[in-house]
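Just so it is clear, A, B, C and D label the chains in written order, and each chain counts residues from 1 on its own.
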Amino acid sequence: MTTDPLSSTEPLFALRVPARPDRLRLVRAAVGEAAMLCGVGSSWVGDLVLAVDEACQNVIRHAYCGRADGDMVIEMRREADRLEVRLVDFAPRVDPSLVKPRNLTDLRPGGLGTYFIRILMDDVEFCEPPEGAGNCLRMTKRIE
Amino acid sequence: MTTDPLSSTEPLFALRVPARPDRLRLVRAAVGEAAMLCGVGSSWVGDLVLAVDEACQNVIRHAYCGRADGDMVIEMRREADRLEVRLVDFAPRVDPSLVKPRNLTDLRPGGLGTYFIRILMDDVEFCEPPEGAGNCLRMTKRIE
Amino acid sequence: MTCEAQEKNGATVVSLSGEIDLQTSPDVRRFLLKSLSQGKSLVVDMSAVGYIDSSGIASLVEAYQTARKMGLRFALAQVGPSAMRVFQLARLDRVFTIFPSVDAALQDHA
Amino acid sequence: MTCEAQEKNGATVVSLSGEIDLQTSPDVRRFLLKSLSQGKSLVVDMSAVGYIDSSGIASLVEAYQTARKMGLRFALAQVGPSAMRVFQLARLDRVFTIFPSVDAALQDHA
């Protein structure tokens, strides 16, 4: 065992859950605990947890269109000075150009999720999903 | 989406982490949140969390002999009136007859983990591990 | 997540407690709209809300808009740091009326 | 997990706080043994311990045995329900001297 295990590149966890609202607490708990391993402050952790939660919500509501039988996988790793989160689903391929925030000045319920993700993370992009998966959203956040 | 999603058989989560002491908080958080989905009380949850933590500790300390490069997978599912936990590692095959608690009347540090697991869970057994894995400990606890 | 309502100084005070997320926000939404149907000013005590996401925000925005349409006041009280952070991100700290305490909100309503 | 020591009525009071598990129990063990090397009675304030596992129990048992060898008193104070549950499972509630408060433990030491 090394003394400072999380100074560089290493996997934190991979979590597979049914893509359902009642699993989001569990996802947040795992993401929060993993982030704490990197010695970041609680507001940094809170921001990361919110961004990942919003991305998972979008998988549940949009990618799977509310169908309750698909899974999602949340993978977190430390990459040098960044935390990287990959969110994989098994839904039909999404057109990334349709995933965008609404105009904030237009006050209405909804439309904030992608906006939160973009301002809270340093990089967000759909990347090539693993064999057999539908979509893979890759998000990174610089560790402060 | 069904209204009572957890009344019968369904997967709760599968979590893969490096088999290291600093990942145990994350494991406990996930196990605790998943157990809460089944409508059990907090002392029932606490007992389950302790048993799973002890089983993970034994993978870290005994199955991997303190080597820090192996993973473990914790899988939890509801099976009718039971919670089932499977703990899979990728270590060399363990002889189940060597996995046993010490005599409690002999006061010394250590030797309590397997005892806790046995009294807190209703069934504990090594089962056939998945292809490519080393060991699979299957534990179930009746939901009260 | 629990929602509780009580009458105070002629207003309805709803206390939310726990985490407001995609799982629980439909209940929060329903509870707030039902409370507004009493026809009284609404104060939402946020002190015990440990987490709120965009779906929780949506429930609050909908209640806020419903209150305005009904000509009723809608205020939040004692917003903790984690919820305040989310309001600020959504620039809702300037839209919602936010009081440091339920009492301050009730005095303003009176 | 934090460990803090202070002198009180000629005894050393160690306050443990957080979760005592395989990751943190080596620190707890070291801290308790170092505190015993002061040669004073030891009271361990457990009130802020939210979790303890068999490795944490092992650290306490080792400190308890070391204290006995040194002829020093060793007591636990304000054990919360989750830690007490674990002591009971291990049948250590009958081995350790457990007081409802640090003050009660100190009075007994005096």
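Criterion: a contact is a pair of C-beta atoms (placed from the backbone, for glycine too) under 8 Å apart; a residue touches a chain by one contact, two chains touch by 3 or more.
As the structure is a prediction and not an experimental result, all values here were calculated from the model.
*Asks:* Can you list every chain that touches chain A and also touches chain D?
*Replies:* Neighbours common to chain A and chain D are B.
*Asks:* Just curious, how far off is chain C from chain B if you go by their C-alpha centres, in Å?
*Replies:* Going by mean C-alpha positions, chain B sits 41 Å from chain C.
*Asks:* Based only on mean CA positions, could you tell me how far chain A sits from chain C in angstrom?
*Replies:* So the centroids are 27 Å from each other.
*Asks:* Averaging over Cα atoms per chain, report the distance between chain C and chain D in Å.
*Replies:* Using C-alpha averages as centres, the distance is 45 Å.
*Asks:* I need the residues of chain B touching at least two other chains; which ones are they?
*Replies:* Residues 21-22, 25 of chain B touch two or more partner chains.
*Asks:* Would you please name all pairs of chains that touch?
*Replies:* Here the touching pairs of chains are A-B, A-C, B-D.
*Asks:* Across the complex, what residues on chain A touch chain C?
*Replies:* Per the touch definition, chain A meets chain C at residues 21-22, 24-25, 28, 43, 46-47, 50, 53-54, 57, 60-61, 104, 107-110, 112-113, 115-116, 119-120.
*Asks:* Can you list the chain A residues touching chain B in their complex?
*Replies:* Interface residues on chain A, with respect to chain B: 1-2, 5-6, 10-18, 20-23, 25-26, 29-30, 32-34, 36-37, 66, 68.
*Asks:* Note which residues of chain D are touching chain B in the complex, please.
*Replies:* Residues in contact with chain B: 19, 21-23, 51, 53-55, 57-59, 61-62, 65, 81-82, 85-86, 89-91, 95.
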